[in-house]
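Chain IDs A, B, C, D and E follow the sequence of writing; residue 1 opens each chain.
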Amino acid sequence: ADETIKVGVLHSLSGTMAISETTLKDVMLMLIDEQNKKGGVLGKKLEAVVVDPASNWPLFAEKARELITKDKCVATFGCWTSVSRKSVLPVFEELNSILFYPVQFEGEESSKNIFYTGAAPNQQAIPAVDYLMANEDVKRWVLAGTDYVYPRTTNKILEAYLKAKGVAAEDIMINYTPFGQSDWQTIVSDIKKFGSAGKKTAVVSTINGDANVPFYKELGNQGIKATDIPVVAFSVGEEELAGMDKKPLVGHLAAWNYFMSVDTPENKAFIDKWHAFTGKANRTTNDPMEAHYIGFNMWVAAVTAAGTTDSEAVQDALLGISVPNLSGGLSTMMPNHYITKPVLIGEIQEDGQFNIVQQSPMVVGREWSDYLDGSKDLIADWRKPLACGNFNIKSGKCGGKAA
Amino acid sequence: MQAFLRIAGLVVVLLLGGLTSAFADAAAQSKLASEKFDDIEAGVSALATSGDPQASAVIGALADGKLAFDPASKALYYQKGSDTFEGASGSKVAAPPSGLKKVKVNNRIRRAIEAAQGALTLMAPDPATRLAAADAVFKSHDEAALPAIDKALSAETDTGVKQAMERARAAVVFLSSSASPADRVNAANLIAGKSDQDTLGLLQSLPNDAPQAVKDAAATGVKSINETLMLWSGAQNLWFGLSLASVLLLAAIGLAITFGVMGVINMAHGEMVMLGAYTTFVVQELIRSFAPGLFDYSMLVAIPLAFLVAGAVGVLIERTIIRWLYGRPLETLLATWGVSLVLQQAVRTLFGPTNQDVGAPAFMTGSFALGGLDITWNRLWIVVFAGLVFAALLLLLRFTKFGLQMRAVTQNRRMASAMGIRTNWVDAFTFGLGSGIAGLAGVALSQIDNVSPNLGTGYIIDSFLVVVFGGVGNLWGTLVGALTLGIANKLLEPFAGAVLGKIALLVLVILFIQKRPRGLFALKGRAVET
Amino acid sequence: MLEVTDIDLHYGAAQALRSVSIKAAPGRVTCVLGRNGVGKSSLLRALVGHQPISKGRIRWNGADLTALSASDRARRGVGYVPQGREIFALLSVEENLKTGFAPLKRADCFIPEDVFSLFPVLKDMLRRRGGDLSGGQQQQLAIGRALVTRPSLLVLDEPTEGIQPSIIKDIGRAIQYLREKGNIAIVLVEQYFDFARELADDFYVMDRGEVVMSGTRESMVEREVRKRMSV
Amino acid sequence: MNAPVKADPAALTSALLYLDGVEVSFDGYRALRGLSLTVAPGEMLAIIGPNGAGKTTMMDVITGKTRPDKGDVLFEGKIDLTKRDEADIAQLGIGRKFQKPTVFDSQSVEDNILLALKSKRGVMANLFWAATPAIRQKVDEVLETIRLTKLRTRLAGSLSHGQKQWLEIGMLLAQDPKLLLVDEPVAGMTDAETAQTAILLRRIAESHSVVVVEHDMHFVRDLDVRVTCLHEGAVLAEGTLDQVSNNDRVIEVYLGR
Amino acid sequence: MITARLLADPRGLIFLAVLALLAVFVPIGHLAMAESSPFHVPDWIVALLGKYLCYALLALALDLVWGYCGILSLGHGAFFALGGYAMGMYLMRQIGPRGQYGNPILPDFMVFLNWKELPLTWYGFNFFPYAVLMVFLVPGLLAFLFGWLAFRSRVTGVYLSIITQAMTYALMLAFFRNDMGFGGNNGLTDFKDILGYDITAASTRTVLLVLTIIALALGYLVARAIVTSKLGKVLLAVRDAESRTRFLGYRVEKYKLFVFVVSACMAGLAGALYVPQVGIINPGEFTPANSIEVVIWVAVGGRGTLVGAALGAVLVNLAKTIFTSGVFAPYWLFVLGGLFVVVTLFLPKGVIGTIGQWQERRQARAAARLAEAGSADVSSALPR
């Protein structure tokens, strides 16, 4: 006698991650609202169940279980940090439910129950480096990141990639900082030094949310301009920029799969709806929002196709589903639970928007990196009968085993 | 500025002599009318050297993002104020054609623009502009600028600018494969006369196929610059340490009052800092919308206001909560933790969870060189500000009646009241003072850090560490504590990296406390035990 | 004139004073005697406003002090030398004395010379922290500090405790001197009988939270009082 | 400056407590200036002296609270107290009553006594400790002596000043040390209690060594023991009370006229 | 003797009885009752309960040092986390070749960071007894080292609090580093089984809950035995007047060290039970804020009451669970923050402490009334 279909929204509304995740909660509410206006799904209205895991990882697991078992949510949209995803993963697998994860991350995972709508490293990091090599003629690289798994992995991949491209070890500088680093004087000055060796230098930044503002402020104040040493970031989007003084940042870059400045009718409609929904004409949109937009539409399409919200059926139906993304193409859910996306490179403008300087064709998300020893032989394919998240193509076995 | 460029442009054109033709102009401009960065880049250089009288205006508009083109006719149009002008003629057009497309700029174009503007403004009437132009040429070391710089040099009277131009010229010559090796060696020696990172970079960017003599000269230069820079980098680290120390001091000093003097384990201290930062934000928003011209004074308005706002909230908290908890210090921890949660959420509800954009006034942007030191203005002002706040507070505590009463009350509230001291007032004002100072810290921190509801949580641990390390209840201790931790952190960082450096610092603090169990400036003697 | 009528005082559920009434007039020394734990200090705490009373009234020069805070009472001239000294340990001796300026007019904000002539040691130790002083020195400081407020009602709780004999004599002389000024009422709690007898104009003897005996110096019978004060 | 009184070397071996040339200074202020004195086993010694003479500081030195800058502090002829910490010294058998009564406020009167009671001080011994009748009897005895039996279950923090003084004395009795250091035991006591305290101390002195500091001359007279007068951190006069109190300097700096 | 002391405490008996009831009825409700039955206990409740009770044990551990010995540790989360990591490492090793990369020895995160062999720190953790030993040994040893240094140097009060905070903060930074070899920020997850039993099975979950209940009961008994012994009185003495205790001949540092180590081991055990039930351990557990929260639980429940500490942990976390869902979700910090303020102002001794106070006051009033009625002599309330 279910009147509604319940959808879980599992994003931190308080604590350190609220800064990024609150918007994602809002966008989910908007999408669900909109879907209901269109008549819901399978003739039923959708109901969002919002919980606050408060940037606390064990609480994520607790709330996930609550959403699935107590509230009977048929699918959940949530998480930002990888650790929150790792924390809920066993819960989703145990209870065989569905999670859509909308944030760029390090990859190296493919779960039957998780659908990754954010970018894998090959959909963000590597294209960005390619762009800098081709267009800025960069010869020297600073890989700066917050000391945790996503930057470490991304940088490992990038390091291998750069070396494969003939960059010498002494032309790569790797630097890690703690979460929430607020004093960047030494590091920025080191970057400056590193960059004045006569070769064109760029910074690839995997610096995490909070630490970016002081980082860019220091860059600006120490006079590092984009024309001298461009910084390309993977975690700085419109939302983050809204809280910064953009003047000194003009020309620095970011690589995403979506920018608010994308000039397509879909995006314009999305932005208008967003402004109407939030009642604020200056609210920005960003990449993880688009990921939820894509993920949600995929889920709706899959449920409609399957004719049921049953988890197993929806999981199957999701594979191969294509929905329009906001940058004028179709994104498809691939058998590895990653999606196809274009890679966009943008330069920061004074108004906080990105000037898109390059847009690639669709790139398929690669779950296991080609640049890591342990994973280069693995693939994920959830199509039955294989249905394996870590199939070793060398040994032909599921379970990752090499031999 | 626009006017300048125009004049400068004209001058350049005149000097370069009429080797231009209308045909060339049109070609250069139409190159800009493109969506391809390669074309645009070529267009910029072409236009800059074309002698087109409009070159300066067009390139200036491009730099400002005000240049558009008509895809059909390939004609350029630029905007100035609310008017639109034709690129080719510079004449105002009443109704620009529809379907104009903006000429896009990326970093490469921006570099080309800088170089072009450098060349175009070398003869500007304002020496500062000429200096900037010379530096731009030095950086771009674009051979095309050589004629312009030679002309400019011959006309230059200001010695400082002249020097810069000579260096700029040398930079071009040094890298020019067409110059004679002897000239290039001379150029290298001239460049190496100034020891800074840019020079070093320039010298190191010499291609491998350069003549051996030039390479040698560059190598000598690099060596001597490196030696000088080594010395300076030590000093630079000290400065970084001092600057970090000033931030720590500001963050901690309010706590030195509420916690150090009053004994309230004030977990809401960070939120007071946050309130100060948000006050700055609100002040700036108001100024931006009502008096944008006064933006540079926003800090001056924000400082007293942040003190008042955070102070008032502090007084409110003291009157409603803390005052019931004197003599129960540990419970202040529980209550103020609650307060901090509420304040964070209140700000989150009011302003949203995301960062707010607090801009830097002009006097706090950029940096200047002091010898080989690179000193950023915002850090310098924060150091000064921290020093002033500290001094003011010290004087207040030492030499005023309020200071004495405040210390008396916090040491023995009951006895102080029996002496006729209005302990309620003193308590409220003391807590208000500590909170107000935290608010001041917020103003300063808004210039270097996130202004978000979480701002405070990032500083609370360090603040307690500083106060305790220095010795609770001793303002000098807080000062020396902040200095020690700030400088030690910055001296460790280059060796150990930011993460290990911080860990090492924490371990050192733990070990140090074993030696001085009551902090750096421990009070000794009987007085402490009672 | 101080009039304490019928006051009760409780510590939690335990009652420490039961219907205590005393009077103290300016120009006279009123002495409260009694064994340990009978409530003398409690009475004084009630007077100065450190402990709320559960019944009764405290009036000073006709005004009702009962509802006033300790600091307001101090501003009406109540000066207090507590048992246990209660020095501001981290303030210097000079600062300790200066805390007495709080209720004073600006013109009166100086330390009266009397304080230093009575306790010369304080003058030598102005810069030393109060808490570092020896016990007796602290006691001297506590008395000096109360004098700085120019009290019109001086409340002293065993002021001679821990003080060397020669200075006890000086304190006795000082109290006499203050009495002779005629405008200060002095309430003195004292265990040291000889000292009390020499100074007291009026006396009250307490036992188990009650006043059990009272009178003037003339009517005081030493044997009776001593009996009340022994076990 | 007073020339330090040179102690008799023979006293060293026979003395229970031996101080020689002890110097203590705080931030330049010299609180003890070559203090020397000895206490024989079973002896009671009364110490008087002006406020600030250094009496309490001397006790601080003996009990390990303050480290002397110079000088010897020996216990039982051989143990160098300056090398021991407070707990060690207490375990050696030196007990102390503080000038300002310090008791364990949040524990009952009887628990205060119990904590002081002579017993093993080790962690495990106390974890598995159980009260025996002998122990209970001893606690009762002490409580009776200090007349706090009726208040035995009261929290020590709620005692009056004088009651705390008594409790401190009781704790010292319970501790049953070889040497008792008693700082101003009768401050805040009535004359009758003062007299009783004198009797109590004399009884204790029959089997213990005692050092008493007091300003109450009646009490010192009642003790009827050797008196040492300290002044400015050194011994000013020694002898019977009559001898000392007739010393001009003692009268001048301490007793007054 | 000890049992006698325990029986004398009705509050403790109620506490133990409640635990016993939980240990009996929750398993029945979870395993034996049909899902439709009103007595069915769903798995999310079992999971929640397990988590709360681990927190309760942690709070109990903190109360032992803070409530009874005055050591305000702002780093107890570190001991909890270390215990948790020890258990997590065992669970990681149990995954064996079932990891994503199928490496029989190396945990996944080591494989993808290109580690070639197991670091020394991980040796032995495939043996359960070794892991259990480490659960106690690692936190215990850290507490011993830290306490030995700090107590010997007489670091007390806020100085001690702040260096315990520095300790957990440093550990947090260290564990965040991937180079440490403990999984960096992602920590240890994706456990498969424990002692051969599927970790997600209802029966395993139930057994873990029962074990937690037993651990909590034992922890309570140990703590209670300590605080009611004469050792407990010494601890109180140390709390109230440390130096006075020294002058009585007690080696204060040894006493502190003893309870600190016992408490750290208890916290470690709590962490070890927590990890298999929650399914993840990551450096977030080391954040200073987490440790401060533990202090808050104890304060809410009632410092120095043991039962109160456990109750506080459950209450605060229950409140968190409730308020982070549903309509309150965006405002729950107002509720929780407000709750802390209200508790401090109106229940100054915490929930249990205030109840205790009421009881005492009622008894005192009754006694006073009795005395009043009986005779005019109030010598019971007044001195002789």
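Observations, loosely collected:
Definition applied: a residue touches a chain if its C-beta (ideal position, glycine included) is under 8 Å from a C-beta of that chain, and two chains touch if they have at least 3 such contacts.
Source: prediction; values computed, not measured.
Counting hops only between chains that touch, chain A reaches chain C in a minimum of 2. At the centre of the protein atoms shown, by the Cα-centroid criterion, sits E.
Of all chains, the one whose Cα centroid sits at the greatest distance from that of chain E is C. Of the two chain pairs considered here, C-E and B-C, the higher C-beta contact count falls to B-C. Chain B and chain D have CA centres that are 65 Å apart.
Each chain gets one centre point, the mean of its Cα atoms, and the points for chain A and chain D are 74 Å apart. Mean C-alpha positions place chain B and chain E at a centre distance of 45 Å. If each chain is reduced to the centroid of its CA atoms, chain C and chain D end up 29 Å from each other.
Contact of a single residue of chain B with at least two other chains is seen at positions 344-345, 457, 499, 502, 525, 529-530.
Residue positions of chain E touching 2 or more other chains: 173, 176-177, 243, 330, 333, 379, 383-384.
Across the assembly, chain C contributes residues 14, 36-37, 132, 231 that each touch 2 or more other chains. Residue ranges of chain B in contact with chain C, taken from their complex: 401, 404-405, 407-408, 411-412, 414-424, 473, 523, 525-530.
Here chain C touches chain B in the complex through residues 48-50, 69-71, 74-75, 78, 80, 82, 86-91, 95, 98-104, 129-132, 145, 149, going by the rule given at the top. Interface of chain B with chain A (complex): residues 37, 65, 104-108, 110-111, 114, 139, 197-198, 200-206, 236-237, 240, 243-244, 247, 344-345, 348, 352-360, 365-367, 374, 376-379, 447-454, 457-458, 489-490, 493-494, 497-499, 502.
On the chain E side of its complex with chain C, the touching residues are 361, 364-365, 367-368, 378-379, 381-384. Residues of chain B that touch chain E in their complex: 265, 267, 321, 324-325, 328, 330-335, 337-342, 344-346, 349, 457, 461, 464-465, 468-469, 472, 499-500, 502-503, 506-507, 509-511, 513-515, 517-519, 529.
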